[in-house]
Amino acid sequence: MNQQALKNILTKVQEGQLSVKDALDGMKNLYFEDMGFAHVDHHRSIRKGFPEVIYGAGKTVEQIAGIMERMAAQGDVVLVTRLDPEKGQQLLSRFPQSSYDGQARMLILEETPLPETGRGKIVVACAGTSDIPVAREAFLTAKAMGNRVDIVCDVGVAGLHRLMAYRELMESATVIVAVAGMEGALPSVVAGLFAKPVIAVPTSIGYGTSFNGLTALLAMLNSCASNVAVVNIDNGFGAGYIASTINR
Amino acid sequence: MNQQALKNILTKVQEGQLSVKDALDGMKNLYFEDMGFAHVDHHRSIRKGFPEVIYGAGKTVEQIAGIMERMAAQGDVVLVTRLDPEKGQQLLSRFPQSSYDGQARMLILEETPLPETGRGKIVVACAGTSDIPVAREAFLTAKAMGNRVDIVCDVGVAGLHRLMAYRELMESATVIVAVAGMEGALPSVVAGLFAKPVIAVPTSIGYGTSFNGLTALLAMLNSCASNVAVVNIDNGFGAGYIASTINR
Amino acid sequence: MNQQALKNILTKVQEGQLSVKDALDGMKNLYFEDMGFAHVDHHRSIRKGFPEVIYGAGKTVEQIAGIMERMAAQGDVVLVTRLDPEKGQQLLSRFPQSSYDGQARMLILEETPLPETGRGKIVVACAGTSDIPVAREAFLTAKAMGNRVDIVCDVGVAGLHRLMAYRELMESATVIVAVAGMEGALPSVVAGLFAKPVIAVPTSIGYGTSFNGLTALLAMLNSCASNVAVVNIDNGFGAGYIASTINR
Amino acid sequence: MNQQALKNILTKVQEGQLSVKDALDGMKNLYFEDMGFAHVDHHRSIRKGFPEVIYGAGKTVEQIAGIMERMAAQGDVVLVTRLDPEKGQQLLSRFPQSSYDGQARMLILEETPLPETGRGKIVVACAGTSDIPVAREAFLTAKAMGNRVDIVCDVGVAGLHRLMAYRELMESATVIVAVAGMEGALPSVVAGLFAKPVIAVPTSIGYGTSFNGLTALLAMLNSCASNVAVVNIDNGFGAGYIASTINR
Amino acid sequence: MNQQALKNILTKVQEGQLSVKDALDGMKNLYFEDMGFAHVDHHRSIRKGFPEVIYGAGKTVEQIAGIMERMAAQGDVVLVTRLDPEKGQQLLSRFPQSSYDGQARMLILEETPLPETGRGKIVVACAGTSDIPVAREAFLTAKAMGNRVDIVCDVGVAGLHRLMAYRELMESATVIVAVAGMEGALPSVVAGLFAKPVIAVPTSIGYGTSFNGLTALLAMLNSCASNVAVVNIDNGFGAGYIASTINR
Amino acid sequence: MNQQALKNILTKVQEGQLSVKDALDGMKNLYFEDMGFAHVDHHRSIRKGFPEVIYGAGKTVEQIAGIMERMAAQGDVVLVTRLDPEKGQQLLSRFPQSSYDGQARMLILEETPLPETGRGKIVVACAGTSDIPVAREAFLTAKAMGNRVDIVCDVGVAGLHRLMAYRELMESATVIVAVAGMEGALPSVVAGLFAKPVIAVPTSIGYGTSFNGLTALLAMLNSCASNVAVVNIDNGFGAGYIASTINR
Amino acid sequence: MNQQALKNILTKVQEGQLSVKDALDGMKNLYFEDMGFAHVDHHRSIRKGFPEVIYGAGKTVEQIAGIMERMAAQGDVVLVTRLDPEKGQQLLSRFPQSSYDGQARMLILEETPLPETGRGKIVVACAGTSDIPVAREAFLTAKAMGNRVDIVCDVGVAGLHRLMAYRELMESATVIVAVAGMEGALPSVVAGLFAKPVIAVPTSIGYGTSFNGLTALLAMLNSCASNVAVVNIDNGFGAGYIASTINR
Amino acid sequence: MNQQALKNILTKVQEGQLSVKDALDGMKNLYFEDMGFAHVDHHRSIRKGFPEVIYGAGKTVEQIAGIMERMAAQGDVVLVTRLDPEKGQQLLSRFPQSSYDGQARMLILEETPLPETGRGKIVVACAGTSDIPVAREAFLTAKAMGNRVDIVCDVGVAGLHRLMAYRELMESATVIVAVAGMEGALPSVVAGLFAKPVIAVPTSIGYGTSFNGLTALLAMLNSCASNVAVVNIDNGFGAGYIASTINR
């Protein structure tokens, strides 16, 4: 699927170095590794500039470790998200050079950290103390992907002056990640004040009609400020990831 | 059901002025007037300090006019809500002393306006120009119920400085009615700034996932500021009504 | 953001007692205290007449204790809501002068209780025995905020005569908090009988299509009586809080 | 499928009056008439004690008239529900002996009205004037099915004394049909007061979070009184029908 | 509220045996017993022909036992619903003459069982083996309320011939309770075959889009057969109760 | 993307008949035609055995006619779905050899009808007269795709004997399309009786909690019979299409 | 209900070998076995070509074992679905010749495996590693029902080249089962590429707005490719079952 | 609120050029213009780099024209969104130098078009012909905000090769706007192929369970590719706006 790779194959066929049958087969095996339960997508690193990320929920430690080994063998940075502490500990002991963050429930394995390569800075802001785990997932993801990142916590709209105190920091960002639960008003207010792309992350913090973050999500999708786009509930990882592509 | 009325009946029974059977009958007929299609609740004026209000939607002009006549005959202030312009014009020509507000879709008939009797002032604030009809319904209701009322429009959270300019007015209120559609963040911000009861009114302004006001409603119910209570979507009338009971 | 504080700063600048830079800095540090994971909003006490309240769910004992210490140091009344019994016990042993209510799951720390300052009385009524925890949260909140409060339990609409027995108490209230689960009809009936602002609190009591309180919430929002406004499901705290601002 | 009919067929087979093949064929043709677009269920009258009822919505005048003719030819009472006025007029002119009720949007054709055969009386009560069309559909259905029926309108819970005035009537019923929109509290209150089966009919009257009757429906399903069962929104016909089977 | 009781009071007042003040007080205390956490509704037995039923979920063993004692003292049949096995055992040991049904999660205490008084028989039918607990709750409730009741299990629409085998039993019923989860089609089919009132009970059996019984509920509300009315999801108790009022 | 086409290209490159650049270009232009507002997918006919179908809703007559011309030029059978009568008439006059079905709202243009090529027969059954338009859309689609198709109407579960009369027809099908609105029980019953794949089509027929077909859809997804799969609400076209692929 | 069986009975009646009464009785007992809590549907094997399958959730080990014994006694293949590991182990020790699959949570008991009888091959494809349990349930079901089946895992749309590598396998299928969670796009892409009936199975894999599989389900129902039909969330069993009927 | 403006005011107060009272007043009037029904936010242009945009729905022509005049007087580019054709024509005749796009329902008034200032190119891609209006709204917005923009239509996932043909264009973008209705799979596939931030716009194209775009929205929020963020349904404007801030 890679234009250049295809060109190479065609050229080899043209030059008689490759039979038609082998060309067809080669295109099949070029891009991934079949582990039975998973197809590790080695091509992603080239295609998207960052390797596949392992979604930890619903996978066994064995499955995760298996995928990690293949990826580490390629020298890739390995991120495992939504990893509960127990599995985190088991993987830590198998990959001692990795680190596990209990709040973000994230495991990171990087031989050599990626250099900071973004064109500016990402700022992650969250509304309340309870939103920190999600904000931290965004922070760690963006950092692992080679960005300068700052984080500011507990600056929700019930006390606007707290947000106002960070105006200069906000103005210095290339992109802002705004994390909030309950009524999810923070991204609207932030986007109304600053001329930046705002990636809004609803969290499941709240009760009753917060519907585990649905209310915050809906509020963010209906922001009266227009420089807001939204990711899934509690998806700090996705916010950090897209912020990183924006900051490139 | 009225304690005093019951006492009077009992006293008359005690004094032999009323038979047991007549007492029972009297209790049945005391409180309302049967029009076949409606039971006009004359007792409400005594019980609740303001007469029944006519919900115009789904009633014919004939039905509304019939109820209005019974109420006017008792000297009551008559409010008709959710009255479309066509019916409004027909009723205006039958009750020339009444007035019809096209934005709020409300008809008001008051021989003598109620005197201003509240303990303070009600302030109605709305987020956008499109929210004005609902805000105006709250304004007119509260006014008809004998309150001093102020109204401020287009002060939504996308440009917070507009709201800030009305701080003194807000501080002067006994109760604030905050009207907003889309993400419905205005009541949270207002309630975070001012130590007043805030009656939040979600409006159906928006599109897509605003779900005709549901998103604004949910956001308001999940306000991180605690001095907020919410009424039904587009229910300016209810907001004006309860604000009025608070201001008494 | 406080008009008077701003005036003082401006006056000092005018009088040369404060440099422009210090004025800008002063405005930043005036209002809150940065604890990393939280920005304690000391300004709220001045702005809103009651200090910040700690939402206990999703915070660690360490985080809560940290915030409590800062607040207690300012002499503030400290309320912690949605605090499970285990954390409650740990905080009790660290703050022996505090009290923990197991039904309402609330911790209160007040050196000197606030004097009763409201203009009247708040009455909390609940429909069933199972609604008591929420009703009690409203009761304790309103009490801690300096109000006279009465509570009446198990007066739901399946046996209307039980409610009728408390008519005089209801009539004596400035504001009524009506708490109900299942079909949530109590606030409608109460608001139909008494000319008071009614703050309706839906509870998650019920099963099947009660949808954890959603049905009660929807019913309350659609009350055919107009003096009703609604708070989030199980939000006894919010109901007590806004009732308190109404009673001021 | 009718036990007796089957017995007759089997007996005829036993007695040699019917071949096996004819027996099989006879069972196929016994019960309905194939009109291409419809299978008129003549057997229903025997099986269920009342003939098929025509659901008018989404059928053409031609289709309805065709079915009516087949049914009238059998001497059946014909009910057409959800019939808009325009189609109603066209059918009236084709079936001059029929009658059309504009409120209930129902056409009835009965050569000889069914005699009153129920064991008692059905009472239909509705909460507001706007609920009358649905209440009337229940009333007309029950009447056409041979029941004594009474109807009481505008006795909603915002003015409970209006309902109380009809206590004796209510007590005299075998079954009560309670019709209400908005918060749908009437059936709960009625079922709390009277030891009767209460068939609750939610109506689509209301706005915003009434969600076209969903809120009333949910409230009725969660009634804290247990003698309540519910039919679909605006389904006056179904309520009248099942009330009729109860009254048999 | 009882017409006769009121008449008695009035007569006593007329005859001078009761002062007006005592009459007013008497009306307050006549009907229930205040236990602080509950108002036991002794009047219900007279008003509705069956005493209050205790909803066990969310009540402590102490609260339940307290209410049971008051009720037993009046000679009432006591039903406790939604009682988990652990609480059930504790109450069994305190009320040894009571019986606990583990499937229906129901405790029954009756000194002398109610005589069978209904005008006919109630039949409870359920679609699958997993629906038995709900069906059994309906069965036990109707039995405790003095009815003849039969129960048939596992006769769902995936194998219609199983239902057909019980046609005579079905035909013998005054009212049928039809219990089903998943697509909830049983009540439609039953009501299409038999001219009886059918009380439909959706159960939470199923997975995915069964949405814990919501799908079955919706299907039942939209039955193309008209002699169907529906109760809340898993509400076997309510179905047994209303069936009992129908069978009276 | 077509294996054979790719092989041909590779072979030509190998044989020097095609340059690498031309090979790359050829792969781009092989498969569709760019009309600015549409990319007509000529490749689909080869890839999927039937050409692209035009979704008429939301397209102008000009857009549809433009696509039709390109497709007709290729000799393809052209199907236009969800085409309202007005547009239908305009297209009929431009393509006189086409035919328009007013019930199914479908336009078909086929120079030479496809020969019947399926391995058996498709039977379409619908529950009520109002479901006919959707059933007919399935019927016409399957027919246009070269299948033998039979259609049976008004055989819903309220009168099961009507369905039973068509048992032999049902048994003769390779695949059954079962169309129903309201409670959507027909597919469950059909799939319980016959060992065939049943494609269930929910229709928007009904009112209130039928939620425009959602209830029927949910019921069908929860069928207790396992040989059922479901398509979108009112998607007769899709049902006919997949039935056709099954019958191949 | 079986035409032939009915014919036999009728013939016997005709020939005097069977009395009318016995004929009626015989029809009742022909088809199932009453176990009190279940009616084992022995007729299903004849009617539908595969015996009843036991839905393990919500049944006790005793109930399941009981049904298994009756079925095994008839020589039927026994499938138990949704069986948790603990129950699985208990049943394994009672039926040592059975096998339990921990991923699919399925128990299979077959004296002699069904011979492969389908007209082609079924291919099961799943999007991610976490979807494997559902895919495996489909695989095992189809296999137990006598089909050739292949399974391919982790070929989701985030790396399309992985799917492309299995084109030949896909092309060789009679029917494809496509299993996916999250945004559920796999079936659309597969159905766009291959001219096969695609049975789409949404899984509950995801978080936040995946709503336990609802999002994947909705996406699949709205596929822009038409050869897709959908089963319930996580219903691998149903997908395997209907695929099997298609492959016959 | 602008740090610099505040500094200027403070400096003037320090220098005695401004009294404290005038300073306070000045801060109030600095930022917007009060038109009674609207507060035109002149400050937005400075604060956010682009002036306020007029939401046309629910505003009268008079209101829109009034706001346009104030904005045009400031030399601002004026965008009016969601403007129906009739209002569009009226405004065109009042502002002849403006242009109205009937597909996007957008009016643009720019004396001098903004120069192209972004750091790269924005590419807008839509899945079907029916999605063009929304895609075009994104295109026009981004263009008016000074970006280079390309648009590609009808490249949905049912025919992937169409998308593949635009790979080079996609690779050349700084940010991609992906617009799709129905199952909304386009953004997932695009984001899986290209290492760009993808702004996903769900459209209301579809029927039945597309729920007016909700399904597409949910699918996009659950994309298995991580470089996706989502805006409200049909919100082409917002997508173009945030894409523009990303491209800056």
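Remarks
Per-chain residue numbering starts at 1, and chain names A, B, C, D, E, F, G and H are given in the order in which the chains are listed.
The definition used in the following text is that a residue touches a chain if its C-beta (ideal position, glycine included) is under 8 Å from a C-beta of that chain, and two chains touch if they have at least 3 such contacts.
These numbers come from a predicted model, not from an experiment.
Traced through touching neighbours, the fewest hops from chain E to chain H number 2.
As a whole-number value, the distance joining the C-alpha centres of chain A and chain D reads 58 Å. Centroids of chain B and chain E (each the mean of its C-alpha atoms) stand 40 Å apart.
Per-chain CA centroids place chain B at a distance of 38 Å from chain H. With touch defined as above, residues shared between interfaces to two or more other chains in chain D number as follows: 1, 3, 128, 158-160, 193, 208-210, 214, 217, 221-222, 232. Contact annotation for chain pairs lists A-B, A-C, A-F, A-G, A-H, B-C, B-D, B-E, B-H, C-D, C-E, C-H, D-E, D-F, D-G, E-F, E-G, F-G, F-H, G-H, with touch applied as defined. Only residues 127-128, 156-160, 182-185, 188-189, 191-193, 206, 208-211, 214-216, 218-225 of chain D touch chain C when the two sit together in their complex.
Note for the complex: chain C touches chain B at residues 1, 3, 47-50, 53, 167-168, 175, 193-199, 217, 221-222, 226-232, 237-239, 241-242, 245-246.
Contacts from chain G toward chain E in the complex involve residues 1, 28-32, 36-39, 41, 43-44, 52, 55, 57-59, 63, 82, 202, 204, 212-214, 217, 232-235.
Contact residues of chain B toward chain E in the complex are 3, 6-7, 10-11, 13-14, 16, 19-20, 23-24.
Within the complex formed with chain D, the chain F residues making contact are 128-130, 132, 153-155, 158-162, 164-165, 205, 207-210.
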